[in-house]
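Before we start, here is the structure in question, set down as structure tokens.
Chain nomenclature is as follows: A, B, C and D, assigned in order of appearance, with residue numbering initiated at 1 for each chain independently.
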Amino acid sequence: MAGNSFGKLFRLTTFGESHGQAIGGVIDGCPAGLKLDLEKIQNELNRRRPGQSAIVTQRKEPDTVEFLSGVFEEQTTGTPIGFVIKNANQKSKDYSHIKDTYRPSHADYTYTEKYGVRDYRGGGRSSARETACRVVAGALAKQVLSGIEITAYTASVGEIELQKSYKELDFKVIETNPVRCPDAATAEKMESYIKEIRAEGDTVGGTVQCVIKNVPKGLGEPVFDKLHAELGKAMLSINAVKGFEYGSGFEGTKMKGSQHNDLFNNDGSTKTNLSGGIQGGISNGMDIYFNVAFKPVATIMQNQETINAQGESVEMQGKGRHDPCVVPRAVPIVEAMAALVIVDYLLQNKTSKL
Amino acid sequence: MAGNSFGKLFRLTTFGESHGQAIGGVIDGCPAGLKLDLEKIQNELNRRRPGQSAIVTQRKEPDTVEFLSGVFEEQTTGTPIGFVIKNANQKSKDYSHIKDTYRPSHADYTYTEKYGVRDYRGGGRSSARETACRVVAGALAKQVLSGIEITAYTASVGEIELQKSYKELDFKVIETNPVRCPDAATAEKMESYIKEIRAEGDTVGGTVQCVIKNVPKGLGEPVFDKLHAELGKAMLSINAVKGFEYGSGFEGTKMKGSQHNDLFNNDGSTKTNLSGGIQGGISNGMDIYFNVAFKPVATIMQNQETINAQGESVEMQGKGRHDPCVVPRAVPIVEAMAALVIVDYLLQNKTSKL
Amino acid sequence: MAGNSFGKLFRLTTFGESHGQAIGGVIDGCPAGLKLDLEKIQNELNRRRPGQSAIVTQRKEPDTVEFLSGVFEEQTTGTPIGFVIKNANQKSKDYSHIKDTYRPSHADYTYTEKYGVRDYRGGGRSSARETACRVVAGALAKQVLSGIEITAYTASVGEIELQKSYKELDFKVIETNPVRCPDAATAEKMESYIKEIRAEGDTVGGTVQCVIKNVPKGLGEPVFDKLHAELGKAMLSINAVKGFEYGSGFEGTKMKGSQHNDLFNNDGSTKTNLSGGIQGGISNGMDIYFNVAFKPVATIMQNQETINAQGESVEMQGKGRHDPCVVPRAVPIVEAMAALVIVDYLLQNKTSKL
Amino acid sequence: MAGNSFGKLFRLTTFGESHGQAIGGVIDGCPAGLKLDLEKIQNELNRRRPGQSAIVTQRKEPDTVEFLSGVFEEQTTGTPIGFVIKNANQKSKDYSHIKDTYRPSHADYTYTEKYGVRDYRGGGRSSARETACRVVAGALAKQVLSGIEITAYTASVGEIELQKSYKELDFKVIETNPVRCPDAATAEKMESYIKEIRAEGDTVGGTVQCVIKNVPKGLGEPVFDKLHAELGKAMLSINAVKGFEYGSGFEGTKMKGSQHNDLFNNDGSTKTNLSGGIQGGISNGMDIYFNVAFKPVATIMQNQETINAQGESVEMQGKGRHDPCVVPRAVPIVEAMAALVIVDYLLQNKTSKL
């Protein structure tokens, strides 16, 4: 059934496969009267684009977004914003070698089982190409959120981890390196490691951390639509994500309550922030921060044994152009999904009191 | 706005505060013709009940569920199932000491900021008492899911962790100890540790692991309503949860693709299962497993500094009856939420093909 | 699937059958800080109650609503408001004569076909008893809508019609007669006619007109969730309703554009109001008015031929206590549903502009 | 907030203004494995197209639909189907004369009040041009509904009404005349009348009747999502609609129960069908039929007094190319919306029993 919409009041619906004619979407519920900076939206898209650096896939996709509605004289009108991004690189023949074959740890098999048919061109709908639409909507959402700052960055690649807390980081460093790590020395190590991995024809996972500053108090709709529950769903819906934690996260489970409790300052802010800016599912005005776990990309440049649609063992060749590590390009996607969640809850919160 | 419903086709809506007259809910969309075993439902509720062992809160709540509709001659009729659980223990006076005070790392402050008013009796709506309603609905959902087995258990308490993979465990051990850990020796250590923590007037966190067996292939609705995204939201909506990971989770981010890929057997099953039973957001027929992180309970039996509604520093006394570790009682709640998700996606999947 | 909720931001979910233990519901999304007048809510319920006059069913139901949550110190807290109404009159034996028989133009047959099982006690879930829950929620919604006046009344019974436009009526007359018609002379004719019909053991249909004054401009969410579309759905969801029209309605189809257009006054109000207060699905600040068509009640006190579950012809005896005309008791239900729609759109409209 | 989606399991989301670059939409939840006949879809669109006959607007819009996703090798894949229709006739200068002026009985005023900004090109989003997207989705839905026949036609134009019940009509006549009336003699009268009206520079309203045959029993989701309630909402969401009635409708309110009740045949069908194929909100297998009231188009070719954004009286010139009567072109739109509703409920009904 319909599962391609995200958000309640500010809702993104996306469509499109990696090798169809175009991908695109509809942004519905955007408040009227927003002066849109279209260049900023394209810039966000460029941060996700293939071919932007030596450590990402070299596929060629200009990824130019065209807005078809909902914007008049550069201002949102309150009506739905339709947009498309043409697929430049739809060489379906590239995929003839997998037409009848299920790639390990890909969605080929599950899509076939679910739908009975399979669009074997690239990942079809399961390709991360779809996330370009999320970046468009998220970039627009960011413009609604004036004053609220959403910053994501690479926190780990394989075993290489940032050793600092988010408060010690200089976010201006993020875009100075292709890994999008806010610590230059760590970034260098990560970059070298990704190149090494690529040379092996292999891939590696990593984590993205995201920090949201200046969030108003009161966002979140208990008991099921808690702010962090929806943030978690948003992140888990991104391709290759295996986990989500916020505030103290999994580490916090090892602590005692007497250590973990965030004591108040007299102005209602807290001395510590192990809660991650959310208590009882509602923002408390402190920074929100969370981590997102990305598995290693399933497509590797090594031959692998697999099966075909008839259940016969076949060898699959490792070829094509793919990311050795998805994390650097996932950074703007994480930001986009966070922006979509925050906008929706800002709007929802307008109805909490008389 | 409305945030107290969960599920699309099979939908639970809950109501009730910890110290109101009753809590309860409506289960809407349950298929007709299900022979209900009401005793089994009450049994699940008993697994969540306060006072069930020496290591949980000694509050007295019989937690008896009454069904008011939707069941006729012990069979579901397809109409909504209303139910209530009376609050036996609604001594509001117990809470007069916090009437005007915000408990650290509780939702007192955020509810007040959001709604402008506060029900200061216990946690009000933010109390985990609400989860009793989830257990009722989840227990009913389990009966719809005949053949699918959902099993949760305590995987860690503080630093004490289960050292075995879920395949090596004997699930029959779970209910033999008050911690609900499937390894007897580890259970004993956990129990001692919780008692120690309680003696200190402190609390501790932990993790629950959940395994779902015999899930049909095809469950999940990409791209936003991926199966694991909704499972994640379901778990994150439980009180005190700080994180969710499935399959290889956060550990998987450190692996290479060549290690992480699950190679196929000829029947479509996989030799390994780092994917955790889900590929591209759709179940592949393998076991689904995931971990849920619970923070230490915020209410401790130690005095803490805090502020009152006027922003003045006050000392809060540690008193009352609370869980030193929420994890043992969270086990049936995790199962319940998992059951709600799986039922909904089973129903959704009925529409995927012509 | 789940179909027992109404509303997006302010959402009512109902449960309960005519002859179960209780009916009830959950009102979710009610803004916090509303001082509730519980007596007014009970008064609305009394307007719908059986036995209130000689021309309605003489069934005995005190219809006392109990609120279980969401209200603290007589004020809404922003959390869901659960409520129940006990069924006093659940004498299931009354219905043994129809256990195996399908009443003509009732839902007995369709429920059995859809669900495979049937709760044969009264109408079960299809009974108009469920609308008591709508009246509770609507009465509460009315209190959120301070300043907006929603007034419904009987506009026709059978062939007897009000001959005045709504502007010529004195709404204070409505509650002075058991028919709830704002014209005393017409009311008398209607009352006599209903008594005559009842004496024949028959029933008759009629229409309810509803007027909503002081609606703010801007309510409505095109293109699918137009204000009148949702009002229409709300009304059509009431038992026995066969039609809905607003503004000029079906009569307007016979007019020319030059007659039908509402010309503007300089303040944006219109000289005429054939539009019925809504243009393009959005309120324009003028009075909203609409008509709702109710069919004659299907249960008559005459014997009828029908079939049983085996498809055999049987004679069904006309007995029991039923309304000869549903319209007088439908008046508060129409108001309630209108209130639910207006509240929801008021809340939605808070998000239309930056 | 988001109001541009229709349907729960099979969901259409539309975007686009009358004079933007393109209109389009996303069809989400279409079951996989449907062999699409794209020509049939374009044919339905042609039935709605401007310029198709002498009695409709002579605006030039080829209205060619392009599918961008969700279809592979002419078969649906279960993924969302994105489509666009370019606006050929986007001469915005045509509308400079109304830039600052509110057209009587149009949505210009209400959109401005709601959103604070106005896209003055044509009707913008409030234009009936948007319904082309509904026709695309409806035409596709019809192909899912093999065996179920949905037929709409013009039942009245102004005072000229079809004098036959739907059972006496020959549906093959419908497309033989530009009015789409299934009775040739009446069609001729209607056509002459529309031409006369057009010559006066005026417009006229009318009604569309729709008949749905071979509907399976069991469609409908009480109590709020009754089949006819959603059909009503669907129809009321179409531009210019003022009313909806099904089965006996408003006429039925004048009848007695003893006349109105549909007695059963032994096979569960009914001897009469005043119920209109739906009892208790659930289809009973008989024909579903309903009427939809369309007001006269607000744009007339006569000068009218109106106001501008400053509240000053101005004279508005009657010019441009518009439909003298919207009903002939509304016929395929009514069918489309009916198809969307029926498909969604067919899918929903798959979950009603175990």
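Assume contacts are C-beta pairs under 8 Å (C-beta built on N, C-alpha and C of every residue); 3 or more make two chains touch, one makes a residue touch a chain.
Just so it is clear, the structure is predicted and the values come from calculations on it, not from any experiment.
J.: Compute the shortest path length in steps from chain A to chain C over the network of touching chains.
T.: When the steps are counted carefully, the minimum from chain A to chain C is 1.
J.: In terms of CA centroid distance, which chain is the most far removed from chain A?
T.: Greatest centre separation from chain A goes to chain C.
J.: Can you work out the whole-Å distance between the CA centroids of chain B and chain D?
T.: Using C-alpha averages as centres, the distance is 46 Å.
J.: Measuring from the mean C-alpha position of chain A to the mean C-alpha position of chain D, what distance in angstrom results?
T.: Computed value for the inter-centroid distance: 39 Å.
J.: Just how far, in Å, is the C-alpha centre of chain B from the one of chain A?
T.: That gives a centre separation of 26 Å.
J.: Can you list every residue of chain C that touches 2 or more other chains, as numbers and ranges?
T.: Residue numbers touching two or more other chains: 1-5, 8-9, 14, 29, 32-33, 78-79, 111, 114-116, 125, 222, 347-348, 351-353.
J.: For a test of understanding, state which residues of chain B touch chain D in their complex under the given definition.
T.: 8-9, 29, 31-34, 78-79, 144, 222, 347-348, 350-354
J.: Help me check something: in the complex, which residues belonging to chain B touch chain C?
T.: Spelled out, the residues of chain B in touch with chain C are 1-5, 7-11, 13-17, 20-26, 28-29, 32-33, 66, 68-70, 72, 75, 77-82, 84, 111, 114-119, 121, 124-125, 347.
J.: Can you check the complex and tell me which residues of chain D touch chain C?
T.: Touch residues, chain D against chain C: 1-6, 8, 14, 102, 104-107, 109-111, 113-116, 123, 125-126, 130, 156, 158-159, 197, 200, 202-207, 217-218, 220-226, 228-230, 232-234, 236-237, 242-250, 252-268, 270, 274-276, 278-285, 291, 293-300, 302, 304-307, 311-313, 348-349, 351-353.
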